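The letters A, B, C and D name the chains in turn, as written, and every chain counts its residues from 1.
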């Protein structure tokens, strides 16, 4: 396997009936990541795709058992007897380049098409800048017909918001999706900007559960957020040490032989 | 549609007689964008081309009706009974990479060639650093024969100005245009550097109307500028909040799993 | 030779028996580079591969004899009568782009495969932020079976450490290696963050000597570190002068004709 | 002409006898650029090649006659009755990307090979950080046989200097040149770091005249440097104004629609 190009590794194929797709990659408040990883943990899923890419940071992460894995995005299939079938997109990182965002989004849409996905939900956070506020869920769609349905599940819609648009895979799945005639909704939990915001994730999960008529226990969400926050805090601490030593980042090393 | 490469979507074909092309993409003072979008609103136009590219920011923008569109550049055709036929290039963004500027400019010139465009006008702003100054229009050309004609319409020319050259598509259409034997003029409205400068846009519009012998109502221009400024102010505010929370930009997220 | 693409120059071919591969490119504390270059100096080696790449900084380095060489990565073969055969990867720089890290790592793994390398050791530093601390060696593996063996040689393992993962070729050889079914271990000497840390290098060398049952004189290591530190100090000094003059980096020159 | 890739425009072909090549692109103190452009002005030359590239900044420069030209690198041929024939490489900019430096250098070497160039001289500046110092010329070579000859013309050689290596085309022509078996020398005028250093350029020109046994009037050099400094000062002033208005650079516009 040569990693000069993005590699899509197909691990299996699951028969799904009219599946939807949910995307929750790292982003503001890690809201989307929290919800999507929670679904992977709580539901009965099977991993079907791994995506590796030179557009991701050149990095491995160390797991609990001291082994590493190359940073990646993953797609899980969830087949259900009586509920909605799903594909769930999670990952360690988003692309580190503009071009990468477009490529990874196109790959995810290819797989959605292959599985005849009927609707895509992308999950993210939305910084309001106000502390201690009640979390709400802001929506954006790529097909106007979806607005009323989403409002029925408590999603709020505001003209031209977010003002800065939606950046990254969560935005591109809607934008490129529209050009490929695939319906998609972005659900953004408002957040006052904590590193990891489990309350915002819970608000998004509630909307999502209502839409799909699912019962998903949200209790583990808070615990999971604490774990994630602990790791991120440690990373930030490490990075600060490295900046102090002036030698920690590859950037600094570029011109030093 | 795979977005690993730039996608040129042809929406239609209009029969035009000896058309000119006008380009007004985002830039200093948003002068070019203001004028070109004003023309699209005021004239009777038909959209003929959409350009999507991985060189644009990986972003969708949210519209008034809560639906999104992928950031893009667009070309409109304006067919007129008794006036000059035109192609108008507008867009949400310019390329975020050097290479992208060259590619997008080449694509625009391909379309200009296909329509046998006889002259290209690129519109932009030019920061003088002086407040409350009367707006004038500075010109640059890629064919010396155009200087006198432009002077006749009130365009000023100054040796080696702008000193830093002209950056982005407005410059490249002249530069690459010359290599492809296509005449092009850049009209730059002086601006003291407001976010959005409708007075400068008006000065450019006046020159342009004189060149083409057009009557274009400039009244809506001021209102349009206010709208644009309001949105940009909101984006800036959002960005500042996100910077404060230290988690808002993709950049910051790169190395946080 | 056109340098638009990475060039792999094969200088020779050595018959090796069940070789291992050691990688020590520039990084935190220059720990890996110090150890790997020490091995190249102390052992009887033959250079078999040079790698040149447009992903490396566009730079030549000046040698003692006033001649220059283009920045590169190199692979040396060490054939031994009674000890372990080895391939040793050293270099002036790591890639300056994300994509480059992935490409260079893939090329190194290609060569490892060609030589039927049975295990890869990547060497690096790990900033603890604590001064005057005893150096220890932290490990990470891409095959859980290797943990116990490494512990037997004094390597420490800690869950989820380094928290920020392992960045660059040292990490990717493990991560991509796993996907290609090649066993690999990363040995990281703890360092308080000196520019060049020979004590940390010595700790790594000790572990490594124990693993391979080698006697390698560590005396020259300290001297070599001093040389390296002197050169790096000079580079940093030069860079500061250039920043002061505001004209030293290519970055600053980009828009000045 | 599509500018997605670098374009090499051959303007003519001149019969040269055992020519040398001189390269003087923008860099520290603009020393190389000053000298090479001076040669183009003072000698009887013919332009034979223009190089355009998406790796250069996306920019046109405005000339004295109000017309623009796309930023480029150029090669001039100088055929002489009784003196050394030459190819002279000049340009508005160096590449803005790492990869571009490698590509442009390879292209220049292709042309050198086509003309059977027997030796390449690359010219640059070298910041010493000391004011009011006598200018000397530091040398580096890619063939040890050249050292003594250069010393004979007053060039100084110092072990491992410049410590940070030689960055950009001036370095790569030596480094890649060596891999292609082409002799090359880099002559660096010491400079205390002025924007444009005509005294340093004069020192380099003297060495160069001695090597080639040429009489070149250096008087115009000072005047040329003043012109260049005036333009650069103006660019810097413009850039500062634009930074103040927070809207001047493309970078700032990236995420503002």
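In this section, a residue touches a chain if its C-beta (ideal position, glycine included) is under 8 Å from a C-beta of that chain, and two chains touch if they have at least 3 such contacts.
What you are looking at is a predicted structure, and each value in this text was computed from that prediction instead of being measured.
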Given subunit B and subunit C, the chains that contact each of them: A, D
Rigid-body rotation angle, subunit D and subunit B, from Cα fit (steps of 5°): 90
Shared interface numbering between subunit B and subunit A [over half = same, under half = different]: different
Per Cα centroids, the chain farthest from subunit C: B
CA centroid of subunit A to CA centroid of subunit C, Å: 34
Separation of mean Cα positions, subunit D and subunit A [Å, integer]: 48
Multi-partner residues of subunit D (each touching 2 or more other chains): 57, 59, 61, 71, 96, 164-165, 167, 231, 235, 239, 255, 257
Of subunit A, residues touching subunit B in the complex: 26-29, 57, 59, 61, 71, 92-96, 98-99, 101-103, 105-106, 110, 127-129, 139-144, 147, 157-169, 171-172, 174-176, 178-180, 186, 192-195, 231-232, 235-236, 239
In the complex, subunit A residues that touch subunit C: 1-4, 9, 52, 54-71, 96-97, 231, 234-235, 237-239, 241-242, 244-248, 250, 253-257
